[in-house]
């Protein structure tokens, strides 16, 4: 990891005032922190485009009364053994479950795993979030 | 509009190096210009949340052989008279048309107009882009 | 283009009731029309993934007082001659302009053109919408 | 929950052929399952617009060497006690952590919690996924 550096940016004073207002509402403590977040977002989007290794979380809601679905979800995760880092299960109510599956791999592998799981019969909804391994982002 | 001001931001040297690489690939001439774009994007998202006046473009693809569709599209635009600034029509091939409708209004009004047009029978695809009037964004 | 066919789908009665409610609010005249829209959206997303020929609109807001910007925008569009189908210009106020550039090409070409234009100094905001040529989508 | 019903939809034979191709690639077992997923997605988007109770997962990547950050993350979650259902922590490497925070609440509450956490200094990246409680979606 690198050292902390400072860089200057120039922008219109009104645009800056609106920026300050927006980030205050979101709770940021400083301009630098808010801009770092924007810059990191750009870096992650660029990792995805270049099919680099990313970390992702797949959120899935399903009905565990559906025959064999839990088994097929476990099976799918084992099929991608080595890519799945962890899984958390929450009991939403008597029937409904939410699972978050945390995976690490190239963008295309992660997408394939998500497509496979989201297409299982009985999965009500799901979404993939792609983020960073953190190592190249400070 | 305000005057140009400079502000300093501090961030990790490696994050900055990745930022420089990404924006060079995208063709930006300076860091300031790229950061201004990120900051403007945040301001526009905040305008939408607060239902401020925005400018938007609605892109629509449809088959003009579909009976009455052209009429209904024109009618819908006149119904929102005062909000529709302009419309461009491109002949994609013998049957298919693309129209871009440029509108100005509060976020909710613009969304209603888009819902109305996109739900017309025969509209093959459409998407709404929300942007800024430019006046508060330099 | 093919002929009109019917297919049956089975789904939960409550999910169907919510669907009917949502599409009524959006103004759809029939379930078939609303489902065709969802299906077309999936087809277009799949075209992008496979880098097929798409039609796209690039919405750009800029300040025409910015020296040389109009020239550089025109130049950029001529550089991609053969891909740019049309352009519409709206005068938002004394300074601000909105342009919609309609392009046709492979997903990656269209993205490159958008990156190039959006990174020009003085472009305040812009967004790319990717849609279909219409020929393979009825 | 309701009973299973069948509804017929009519669409162009070529559009249907493309749909079949796309969903086969994604691994769906039947058209009904794929269309149910599209319909559920629409229902969830509509819940968010109407500020209904949703379930959401917030994925966060951060460096645990950052002073006090872990404490502030825990504190933030306790502040929203009653909304946070569970949290999972994964050690990505010697410095980097990924946390997935599972929350339940109205759309605006969930967004506020996410804004608060994502603006903490030292959080490298984060993203909110909004999904359903499952009860009204079969």
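For reference, chains read A, B, C and D in written order, and residue numbers begin at 1 within each chain.
Going forward, a residue touches a chain if its C-beta (ideal position, glycine included) is under 8 Å from a C-beta of that chain, and two chains touch if they have at least 3 such contacts.
All values reported here derive from a predicted model rather than from experimental measurement.
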Check every other chain and keep only those touching both chain A and chain D; list them. none
Could you state the distance in Å from the CA-based centre of chain B to that of chain C? 10
Mean-CA-position distance for chain C and chain A (Å): 26
Going through chain A residue by residue, note those that touch at least 2 other chains and give them in order. 23, 25, 40-41, 137-138
Based on the touch definition given at the start, go ahead and assign the chain network to line, ring, star, complete or other. ring
Chain B partner contacts - residues on chain A that touch it in the complex: 1-19, 22-23, 25, 31-32, 35-36, 38-43, 46, 136-138
Give the list of chain D residues in touch with chain A in this complex. 23, 25-30, 33-34, 37, 40-41, 44, 55, 57, 59, 61-63, 85-86, 88, 90, 92-93, 95-98, 100, 102, 104, 115-116, 118-119, 121, 123-127, 129, 131-135, 137-138
